[in-house]
Amino acid sequence: MRVLAPNGEEKTLMALNIGPSHGATHGCLRYMTALDGENIVASVGEIGYLHRGFEKMAERGTWQQVIPFTDRLNYCSAMMNNFAYCHAVEQMLGIDLPERAKVLRVIVNELSRIADHFICVAAAAQDLGSTTGFFYMFDSREMIMVIWEKLTGARLTNSYGRIGGLYRDTYEGFENDVLAVCKQVGKNLHDLHACFDRNRIFLDRTVGIGVMPAKRAIEWGWTGPCLRACGVASDVRKDEPYYDYETYDWNVVTGTKGDVYDRLMVRLAEAEESVKIVQQALKRLQPGPVSVDDPRIRVPSHESAYQDMEALAGRFKTVFEGIRVPAGEYYSGSEVANGELGFTLVSDGSGKPWRVKVRPPCFTQFAAFHELVEGSLLADSIACLSSINIIAGELDR
Amino acid sequence: MSSDCENQVKEPVVATAEARRAFESSAFACLEKEFGAVRSDKDSWGLTAVIAADKLRDSVLFLKNDPQFQMDMLVDIAGVDYLGFEDYAGPRFAVLYMFKSVYLPAHRLSLKVFVSEADLKVPTISDIYPIANWQEREVFDQFGVIFVGHPDLRRILNHVEFVGNPLRKDYPAHRRQWLSTNDYMLPVLEARLEAKGYKILSRSKEILPNEEEYLTGSIKK
Amino acid sequence: MTAEAQESNFFTSKLDFVVNWGRKNSLWPFPYGTACCAIEFMSTESSRYDLSRIGSEYVRFTPRQSDVLAVEGTITYKQAPILKRIYEQLAEPKWVVCMGACATSGGVYDCYCTVPGIDNIIPVDVYIGGCPPRPESFFDAMFDLQNKIMDESYMKQRTERVKEQLEAIKAKTLECKAELAEFSHEKVNEIKAGVGDLKAAAIRKAEFWKENP
């Protein structure tokens, strides 16, 4: 298209479409750029290619039946979404979890965070041309997957969280597996830093690219590692602690400039912090119940249902009618790998949710994508896109 | 790593229940005095203030700029449809705005604006918080609430040929709507260029599928 | 194409075998990854499961260089035209692997925006169940696809293609013939009118050469 630039120069710009099926768009987003040579003059984003109707589906079932759908929001760290949702409902119900459930949730949360950050950095490495990094990352991720499989029976979409606790207790040897993973993650991180830290190509592609000032990031509603990379130590785990996160010894990692390098390195450093939390949590793991003992909230076990009339009735009622969440509207945000995952829940007092609205963390990040890339090179837009870690499942719900 | 650039340095501050209660009472007192807000009886866990639609922009600006509150982040905008809600009499729709303060972690509140079916208009806040642009588009897409003054009110999650608003309670969940062709983005790109001060001299044509529509092609029976 | 070539003989069946063997061991996938299944596909291709063991190490993100369209994840109505477009862009020979419950039937998403199975849009060769399927399932599907490829006959496909082309040529020829006939009919009349003049001229010429040898 022929345009007249603001400085009075007449130019021919090229409109280039990227996505929705593109190797670097991680799922299905789409953005269109106007190119002047290789420089991006303007960019617009388009989402909705994976809009699967989560919010409509959630209104059709009971409160518990939403849990499998939450798995598929951020499928890289499915269980964190389970827990975020369960946490929101638990806060509405006003119940407190048993100690073991809390500690287990912390362990699972942090391992999921590691897996999620690793996928993000692996994909970014892949997009920047470093397949080695990709393979290193998937190494320890596969180990975490094996734990998930033993723990929940599924590799990716686990549905381990339940309102008022967890699906089931851990298996024998869980602690050793987790410790082995911590060791492996440390080793992989060491390898990765060896790969990237003094790698000229990596540094040239990432340092100073896609800078987002902190003030602007807050206005855009950025949360999580992307906001922390801008130098703002904002973390829901620290600010509004849940699951006793304040009692663990860990640091909020922040970057300095808010460029692609910071966003990726904050993720790697956060994985280290997560390892620290997991190691501390393992020491606190004491035997005990993993769910609240309330037949109105948590489905009684099979064993008790076969022997006890009340347990059978409780099982029947919780499954068919659902949990009676007090009527009202509530917003609850939890820190997941990408940022603050919020659930706005509207209950009318029956067993079904009236409205479940998800606040996806990467929605805000992709909304600001044009600010990151305008003025930079086309190839840098790929680095920017992989550094903000868009997961289409939660972006479009 | 620590921050040493021009950004305001944020040290982690833990939100206590006392701080939250103090914030809620003072914020609500201000909102009630200045904008006639009413505390929502539906939210017994935090603070939800019901605001009239014409006071929304003023109250949002006040909350954002007041040094006492510093609600610098718009977390989310959610639409709610109350059609068939038990024991409910009032406007059919509501739009919920969730705010939080990044530097003062105890500060979280929601504003609620009721929208009647006859007059689906709410003023936009997309010039105050840029993220509201997309979030308002989503509410418009899913509920049909019109945000007056929004620069680019289009569908965001559903496709261009979609008819109706899927998250309204009277939209059947199974009403499927095929899309016959692709979405066009060149006009949007040109609008973005124009917003940046460029003047379009000759527009390029969208490359359209040359033959019949994709989904009525040879393969689908 | 003669009838002999359509029947399988030693030469054609061996050729089929060689071609199919080559094809089945170099299936380059095009991952049309939209959702969760794409992450499992990434696991499949990474070091622990290693898809390159069956010759699929090159994951091509362009339809022009790939053989297998692996549809991984939910297809929504907004995406349906794009998927169809990509299928049409794939060069022959092409196969489609439909990974996961969502792509197969819509899965858990029985809703206003998800396509209930991509077979509404494009033909599918192999379906994989699971939400998401394990990497082993993907391997299983690839093995199924390999078996399917071994059953294909390269020569038969070629004959069919040639037949189609021949039929098209025949139809075109008939059309051209009809046009030509009409055209020539007019021309013949014109020529008939002019033939008398030509005859006279020729006689005159002959007589002239007879008189002046």
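Some notes on this structure:
Order of writing sets the chain letters: A, B and C. Residues in each chain are counted from 1.
Everything below uses one rule, namely that a contact is a pair of C-beta atoms (placed from the backbone, for glycine too) under 8 Å apart; a residue touches a chain by one contact, two chains touch by 3 or more.
This is a predicted model, so every value here is computed, not measured.
Geometrically, the chain at the heart of the complex, using CA-atom means, is A.
Relative to chain B, the most remote chain by averaged C-alpha coordinates is C.
In this structure, the chain pairs A-B and A-C differ in their number of contacting C-beta pairs, and the larger number is found at A-B.
Inter-chain spacing, taken between the CA centroids of chain B and chain C, is 47 Å. Averaged C-alpha coordinates give centres for chain A and chain B that are 21 Å from one another. Our note on geometry: chain A versus chain C, Cα centroid distance of 41 Å, whole angstroms. Contact of a single residue of chain B with at least two other chains is seen at positions 157-159, 166, 173, 183.
Annotation for chain C: residues 78, 82, 110-113 touch two or more other chains. Residues of chain A in contact with two or more other chains: 48, 51, 53, 56-57.
Across the complex, chain C meets chain B through its residues 77-78, 80-82, 84-85, 87-88, 110-113, 116, 120-123.
Partner chain B is touched in their complex by these residues of chain A: 1-6, 10, 13, 15, 17, 30, 32-34, 41-44, 46-48, 51, 53, 55-57, 60, 91-92, 213-215, 218-221, 223, 227, 230-235, 238-241, 246, 252-257, 269, 326-331, 333, 340, 342, 344, 346, 348-350, 354-355, 357, 359, 363-364, 367-368, 370, 374, 396-397. Of all residues in chain B, only 157-159, 166, 171-183, 209, 214-215, 217, 219-220 touch chain C in the complex they form. Across the complex, chain B meets chain A through its residues 1-5, 7-15, 40, 42-46, 48, 72-76, 78-81, 85-86, 96, 98, 100, 102, 105-106, 108, 110, 112, 129-131, 133-135, 142, 155-159, 166-167, 173, 183, 185-186, 188-190, 192-193, 196-204.
The touching residues of chain A, when paired with chain C in their complex, are 20-23, 27-28, 48-53, 56-57, 68-69, 72, 75-76, 119, 122-123, 134-135, 138-139, 141-142, 145, 155-157, 392-393.
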